[in-house]
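Two complexes, one shared chain (subunit A), two partners (subunit B, subunit C).
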Partner chain A sequence: MPQRIGKDTIFLPSRPRVLGHAALGGKKEAQGPLSACFDQTFDDTRLGMKTWEQAESKLQTEAIHLALDKAALAPGDVQAIFAGDLLNQCISSTFGLRELNIPFIGQYGACSTMAQSASMAALFVDSGVCETAAAVTSSHFCTAERQFRLPLEYGGQRTPTAQWTATAAGALIFGKSGGEVCAEHVTFGRITDFGIKDAANMGAAMAPAAASTLTAFFSDTQTKPEDYDAIFTGDLGKVGSALLLQLLEKNGLDLSKRHRDCGLLLYDTEKQDVHAGGSGCGCAASVLCGHILQEMEAGRLQNILLAATGALMSTTSSQQSESIPGISHLIHLRIRT
Partner chain B sequence: MIRVTNEEYAAMTKQASPKSPAVKNCIFAFLVGGLICTMGQILFNLYLSFDLAEADARTAVSISLIFLSALLTAYGVYDDIARHAGAGTLVPITGFANSMVSPAMEFKSEGFVMGMGAKLFTIAGPVLTFGITASFLYGIVYYLIRFVLGGM
Partner chain C sequence: MPQRIGKDTIFLPSRPRVLGHAALGGKKEAQGPLSACFDQTFDDTRLGMKTWEQAESKLQTEAIHLALDKAALAPGDVQAIFAGDLLNQCISSTFGLRELNIPFIGQYGACSTMAQSASMAALFVDSGVCETAAAVTSSHFCTAERQFRLPLEYGGQRTPTAQWTATAAGALIFGKSGGEVCAEHVTFGRITDFGIKDAANMGAAMAPAAASTLTAFFSDTQTKPEDYDAIFTGDLGKVGSALLLQLLEKNGLDLSKRHRDCGLLLYDTEKQDVHAGGSGCGCAASVLCGHILQEMEAGRLQNILLAATGALMSTTSSQQSESIPGISHLIHLRIRT
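Coming up: the complex of A and B.
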């Protein structure tokens, strides 16, 4: 049974295991530094479908099927699936997973959705209500652009603080036993808003949320950053990462030696014209389900934190000049002992 | 628990955020914008040499530039140029063509009427609204001045 420790952190005594995981990426992601970590990449950004939205749905379908195959499970073996994406009403998830016939619980935490979904799946397994539970999230550059910004072919310039929405998806399955990697703690973040209004600088909007969740986690577990092999944040990019380190320094925490950001790992920011780095539900998801879990299974990382971050605005709230609330959810993964 | 005020954080953000390269952007905009206008002038001279009247030649230049812009947009090249050219491709008539062709392509997937038809003016719409309003205001002011000066 899960136990609350400290203020916000939940300890998972049964340590749910990662049974299978899969990461998918698009063309730009396949050209990035993590290209070898993807289970599958697609040169055709439409994935052979008629619309971008169908393409993103297909990313989710393929991701969950690959993760199931790797776990040697059938869809019928999974008792709950937590999934989300960036599109209105989370249509990538609902359309991508409708054929699976698995009890579905939709999630939205913007770019933090993977940490949120994975935490929920681990909690459901730890509480004993599920033998196996899955988490899957996705994002697609083209669907996000047309929903949040401008038409793809519109000729405009981006500011250096803007981030590039990843065309990627990640899926993972938690179960009671089997698998080397387990989840030990989860911390659900609080909504944090420091008045940033610039939708082209989401790293800055989200950094305080990551700082808040990480501070709560270290305080609740009475650990320090050096106790972990790596601390991954989701999609803060260059600007947000710099701000996170400054904010934590004020709280007496030095993250600089352990910190890595999924948005900066996924792309080569010098060569790939992605400005401040990657973002999107698929960014943290594919880095977790590809790079991070592979590094853990290979024994190069034993004990890690993933604090994925999300910017909780909509096009309506931005047009109405509202500030951007940020959120960050954390999951603590380690090699089972 | 984050111990900074919104004002302090705004200052930190400003410090951490790289600025747009304004000088580089201006130089590129100047060069590309100038190049497009030079192309317009070349076309104008060309059409004049085909014995077109001056007014017709000017219209033909606009049509040609709009066509070229639409074509480059359709082939997915225009936005790649604009990424470097910025205002250089935005301000001339080519930018206006791009702002109509790009949503037309984009929203075709939602159908011809409610998709393409309704979204065609998403970017150009405000430009038209305020452009036309401004020209009405200009007309009224012009009329009043003429009226006061007794020239009507």
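Coming up: the complex of A and C.
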């Protein structure tokens, strides 16, 4: 039965286990440094579908089926699925998961959606509500560009602070037993807003949220950054990562030796023309469900934090000159001791 | 500690209590049959703000503050807030709640968002994760029209099956003790899709989801419609309500004596030019947090179900000729025995 410790952190005494996980990526992701970590990659941006939106939905469908297969489970064995994405009204998730016939609880945390959904799934297992619960999310460069920015055909210039929306998905399944990796704590974040208005600099908008959630977690658990093998942020990119380290230093926390950012891991930022790094719900999701969990299962990482971050804006809010609020949700994973 | 009963239903043994609730509405809602049930109504569609989107955010801010006041609580007393809305990337919630500094867990269930969020808040209290948890959602006729349909200035014609998006919000606070109304069960729904493609007939798209969730609930709890004083659906309107009764009849369930629909209660459908009835996240939210909870506290209703429904489409999915998947989440409320 879950227990609140400190102010914002929830301890999961039964330590729900990761029973299966899968990461999918597009062509650019397949050319990046994490190429070998994907279960499947696709050269065709449409994945053989009629539209990019259908392709993004298919990323979720395939990711969840692969994760279920690896856990030797059928959709009917799962009592709840938590999912969401960046598209208006989260259609990648609703269309991608409608055939599964699993109780569906839609989540929205922008690019933090995977940490939020995984935390929910772990919590539902720990509280006894589910034997097995799933989390999945996705993003797609082409659906995001045309929805949030400009038609791809326009070939717009990108600023150096801009990030590249990953074409990727990640899915994982939590259950009561089996599997070496378990969830020990989750921390749901508070909305922060430092007044950043530049939608081409979301790293800066999201860094304060990551700082807030990480500070709360270390304080609640009375631990320090050195207690973890690695502390992953979702997709702060170059600009947001530097800012996060500065903000945490002010709180007396030195993250520099442990920090890694999913947005900087997914691509070679020197060679792949992604400017400040990767972003999108699929970025943290695929790095978690590919690279991070593989490193843990291989014994190279024992004890990690993932604090994914989201920019809670829309094109309407930006056009109306609003600032960009951020949020960060955290999940603490470790090898079962 | 919550317990799964049957296939999809979760029993909440500690029966979390409704500590405070508030309903807000616009001008049309103030002219409807539930006029006296609102805590506050607004003649100005902008609520004194610069944009309709800011006005909708303000509906959420005001609703949650009123609910907190009635519960004699401050924002700092609440450990989690569940919220979402119909606007792209749920900006009504994120902008409306950013000043509260409460851990924020964004939910998306289209017009079922209030039942989903309230269920989550009740569940978090029952599992011991929160002492106090909140749920809030909203919709606004003007923000919805321009996002989903046409600019208001165009004055487009509406078909008879179309529903009217409510300008309204509802908020409620669950806690461990205090308050007469408690949550006893929640049921998270499965996505259903009967292939309806007409975005001006969402009642028909959502009715199968309500039928699915209600059928699961009655089967899981081994109860029948007559065991409840009233069974409210979210916003099926005229078309969807008739269809729901037909679908349930096929499952051997006669809902006709107990069924009421929030979309038909909120307006006088003969006189108020709303065609098939009300809709929007704020419809079920304001009817629940105004009318329903007031009727319960006045002793006129003891034992009710609310099965809110959502149409999980976007303008993009409709323009791409996709069908409209539906979902329905259910919460069972009763007077504490």
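For the reader, a short list of remarks on this structure follows.
Basically, the second predicted complex is superposed on the first by the 337 of 337 C-alpha atoms of A that agree within 3 Å, B and C clash if a C-alpha of one lies under 4 Å from a C-alpha of the other, contacts with A are read in each partner's own complex, and residues count from 1 in each chain.
Everything that follows uses one rule, which is that contacts are C-beta pairs under 8 Å (C-beta built on N, C-alpha and C of every residue); 3 or more make two chains touch, one makes a residue touch a chain.
Not measured: the values here are computed from a predicted model.
Of the two partner chains placed by superposition, A:Thr167 touches none, neither subunit B nor subunit C.
By the document's definition of touching, both partners, subunit B and subunit C, reach A:Thr51.
Of the two partner chains placed by superposition, A:Thr309 touches none, neither subunit B nor subunit C. In the superposition on chain A, A:Gln60 makes contact with neither subunit B nor subunit C.
By the touch criterion defined above, A:Leu152 lies against subunit B but remains apart from subunit C after alignment on the C-alpha atoms of chain A.
After superposition on the shared chain, subunit A has more residues touched by C, the comparison being subunit B against subunit C.
By the document's definition of touching, neither partner reaches A:Ser328: not subunit B, not subunit C. Look at A:Leu243: by the touch rule set out above, it reaches subunit B but stays clear of subunit C. Taken together, the two complexes place residues 50-51, 53 of subunit A in contact with subunit B and also with subunit C. Those residues of subunit B lying in contact with subunit A across their complex are 1-4, 6, 9-10, 12-13, 16-21, 25, 73-74, 76, 78-79, 81-83, 85-86, 89-90, 95, 98-99, 101-103, 105-107, 109, 122-123. The part of subunit A that touches subunit B in the complex is made up of residues 50-53, 146, 150-161, 192, 194-196, 201, 204, 208, 211-212, 215-216, 238-239, 242-243, 246-247, 250-251, 273. Note for the complex: subunit C touches subunit A at residues 1-4, 8, 10, 50-51, 53-54, 79-80, 84, 86-91, 94-95, 97-98, 100-110, 116, 120, 123, 127-130, 147, 188-191, 193, 312-317, 320, 322, 325, 327, 329.
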